[in-house]
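Multiple structures are listed underneath, in structure tokens.
Here chain A shows up in two complexes: once beside chain B, once beside chain C.
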Partner chain A sequence: MTNSHLLELHNVDSGYGRTQVLRDVSLHVDAGELVALIGSNGAGKSTLLKTIVGLLRASSGELNLDGNSITHMTPEKLVRRGVALVPEGRLLFGPMTVRENLELGAYSAGARRGTAVKDGLRRVFELFPVLSERASQHAETLSGGEQQMLAVARALMSSPTLLLLDEPSLGLAPRVIAEIFSALEVLRREGMTILLVEQDARLALKHADRGYVMRTGEIVLEGAASDLLTDESVRTIYLGLLKGEGSA
Partner chain B sequence: MAELLQFVIAGLKSGSIYALVALGFTIVYAATGAINFAQGEFYMLGGMLGVWFVSLGLPVPVAALCAVVSAAAAGALFELAAVRPIAGGDPLRIIIVTIGGSVVLRQLALHLFGPDELTLASFTPGPSIRLFGAAIERQTLWIWALTLVAVVGLVILYRRTAFGKAMRATSLRRDAARLVGIDARAMVTASFALAAGLGALAGLAVTPLTQTAFDVGAGIGVKGFSAAILGGLGNPIAAVGGGLVLGLLESLAAGYLDPIYKDAISLIVLLAVLFLRPQGLLGGSGKEKV
Partner chain C sequence: MSSRRARAIVIVISTLTIALLPLVVQDRFLLKIFTFVGLNALVVVGISLLFGYAGQVSLGHAGFVGLGAYTAAFLVARLDLPWLLAMVAAGLVTALGGMVLAVPSLRLKGHYLAMATLGFGELMTLGFKEADFVTGGVNGFSGVPFPSVGALVLDTPQQLYWLVWSVVGVALLLAGNIVASRPGRAMRALHGSELGAQASGVDVVGVKVRAFVLSATFAGLSGALYASIVGFISPSLFTTAASVTFLAMAVIGGSNSLAGPLLSVVLLTLLEYLDALVPGISRTTAEVIQAYQADIYGLAIIAVILFAPSGLAGMWRRTRSTV
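Up next, the complex of A and B:
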């Protein structure tokens, strides 16, 4: 199948062991886009990201990157193909320093690691100057916001073409969230393709080109971010504009 | 005073051996969350292979290097051929596979090297060195030196090299390690190889003093495991401490109480730690496993 999409999912089923979470999920992300994936807690958003990077295996369906199948590709191979995930809960190497976390982020560069680390550090320190001040601190001693910045920065160290983010705003103060999203805007202007999973639907849609809405493992709605922001059902369920309406 | 010093020297000698074996336990534990009960067999292989390479006419230093490298390769092969396909990543299954593996390795050694006790010449011949009325065998100095080199080498590996940091990262956060491109399964193989190499180094260094045979693995396995538990299983440096403490306790108990207690000490220590202080005497928070 030839197409111009950078990432494409066809009828993907996935889950944990015998527990199926995703049902028949199809979506695509084009080069240069910022696509938001919204939905309430437990809708399967994180499962979808884990399936894309290969931490979970799709039980059926197809995943393509740049027209090539990545359906059963492992995460360690996929990062070499330019896909990086900022995982849920950050998963930093806590007892290691900020610098060591970042160096490990460039692990996939292999023989070119020296240059990759140097270039990568310059780039992420520019994006998040606070990390350069904290470079020799252990990751676990950072504040929540700094840890999230480090998680994003670590993913960027592999010079991805497609960046996947899982709930980067979770548990953070509004000022920190603004800082992280302005960094995402910078990346976007540089041409990075981003697939963003967020529970904060308004925040995600405000920054996105397009959006998908997930409910109980299925994509139930898709469209331009601006349309989704004004869509009646999205407003009711995910933006909480009407009182007394719970999420499904 | 000379007597005490002699006991301390003997304790630090066997303690260093226990430390190397214990390091192997902590390394595999960090990578898999499982105890490698075949660890003692690699100690046995170190001595046996050393004897075999010397019998081929190789000079002792070359034979020693060949023995340690072959044992490390055997450790990697053991992981690839038995642990990975049978156990997957499940710690309980890994433990069971290593118990089975230890029997296989022991029988294999029996068939390849025979049932006799074998020995090696001291690495450097010569009389013992006198120190305040106590005697230190030259081979003991070798044991201390090799233990020191191994520990320093491990610290450099873990703290300074990309490969060592990748091993630590995998043990801390397996998924995150995979996401940055680390082959987590290869790190498990590497940890088995490293543990086997350290065990083999111990078995090799001690053979000139104690002789070796196909069945020495089980006994040293208990000692090394006790030392690792004493150190808390979580921390290699604490495991080295655990080994030295265990060696000293054994030596002092054998010297001042009765030699009959020597082998009971490690079991007493093992049970006491597990009952009273499961995180280990020397173990800290146990947050990082390597």
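Up next, the complex of A and C:
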């Protein structure tokens, strides 16, 4: 059973200093899956992602990647193991150019950086052609949507096997959101495994294979995305639909 | 003209000017001033890496200058060690000091880091005053011999000038290489977004520690050179005021640049010796300017932050892009 999951969390507790946020969280993501993690503000979704990539330390529980423990691994080691995070609010390097931001994404490639950068750039420019037009522009001069694309592209530069996204739709226009999600679909078809945190539950579940629902630091519900979309409690609490209303 | 070519021309001209200056300027006092410019430049190059590139503030770098100065002075004058060995030891001791100061930077940011480094600087000054069995206390440490390697003693103003500027040259080459390559990008990433850098696989702890160690070592070497050139050091040279001056030079020079801070060091250091440099200027005018030096620095910093946030380097970049 262990070997079939790419990412596995067993009874993980985590938080900031002495403030515990996550309680006994267990979940798994299989290779090639797109899993959505939904829940309202403050449910602990970002905390969970930060714990997975090693920015926060689990105070108890176990995290496994491909069957190996990653419980106390540093973020830079995890990037080398193929885990990449697109952080909430993008956290780009504003005064640096688009190209420099992307080169930093391939930072972990070390000595193989030359070819890693070349291959990576070709791949992300294919996925987001607008970035190649903006390559020598400073990141802070991009539009919100372009910045989000750059954040995704930067994460892809480390050639991850597991891509974690924190609120990629936040503050973006619907057309731009559609563009970013169609890029995620392309990545999926190429075999990328994705764990997606979204406040827009409907959007996330529509693209996902499976979903987890978080509330106050705990997983309260899990299941196939299509089941969650029709689940009564999910519909009323997270999709804002009234009983009997059809799915959009 | 491409900006690359303009850059190369500027570098060649300034290198030649600096290298050939002692052949033109024979005045001992003037040469000494230009030597001091080099000593300040060495400190500021380090601060530019630390602050201008990596975004880590330090209000305690004069402490490292002092640490290097006293280490070298003690080893050469009291223990009779060879000068070159004392220089290496001063570099190592300050590198270790930089590692110590990097520890708070791993947890503190912005104002809090500024306070921690300020405290470090004050502690160092206190140490220089109190440890009088090593440092000579407030009376200072005198009788530090001139730099020498074997039988060769460097004691003319020309030789000392060339010695200091060669070290500055090596430091600049090293710093230039760092900022143009992977570690430099990691430093700028850290400056841009610490969390973003971590998420991209940058070893943030390592980058911070290396930036602190390198800048502390440059400052320590500057102090060690100062001690053996002037022959006398005292705690009043290595105060928080000096730390603020170094930081001011780096800020006015501009972030993400080495040339800007270098220019700013030259201008601001020469400001101190205005009466010696400008023949026509009256003694009183010069004294007034010197009395208000700290205020001039303060105003310059405010002006830079308000009107030209990327300092002299930014102004240069803007003129290049509009021409």
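To be clear about the criterion, the second predicted complex is superposed on the first by the 240 of 248 C-alpha atoms of A that agree within 3 Å, B and C clash if a C-alpha of one lies under 4 Å from a C-alpha of the other, contacts with A are read in each partner's own complex, and residues count from 1 in each chain.
The working rule: a residue touches a chain if its C-beta (ideal position, glycine included) is under 8 Å from a C-beta of that chain, and two chains touch if they have at least 3 such contacts.
Note that the structure is a prediction, hence the values are computed from the model and not measured.
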item: Superposition on chain A - do chain B and chain C clash or fit; value: clash
item: Touching partner for A:H5 - first (chain B), second (chain C), both, neither; value: neither
item: Touching partner for A:P75 - first (chain B), second (chain C), both, neither; value: both
item: First, second, both or neither for A:Y107, with chain B first and chain C second; value: both
item: Contact residues common to both interfaces of chain A (with chain B and with chain C); value: 53, 55, 74-76, 79-80, 84-85, 87, 91-96, 100, 103-105, 107-108, 113, 154-155, 158
item: Footprint of chain C on chain A - complex, ascending; value: 53, 55, 74-76, 79-80, 84-87, 90-96, 100, 103-105, 107-108, 113, 154-155, 158
item: List of chain A residues in touch with chain B within their complex; value: 53, 55, 74-76, 79-80, 84-85, 87, 91-96, 100, 103-108, 113, 154-155, 157-158
item: Contact footprint of chain A on chain B as seen in their complex; value: 162, 165-166, 168-169, 172-173, 175-184, 287-288
item: Touching residues (chain side chain C, partner chain A) in the complex; value: 182, 185-186, 188-189, 191-193, 195-203, 256
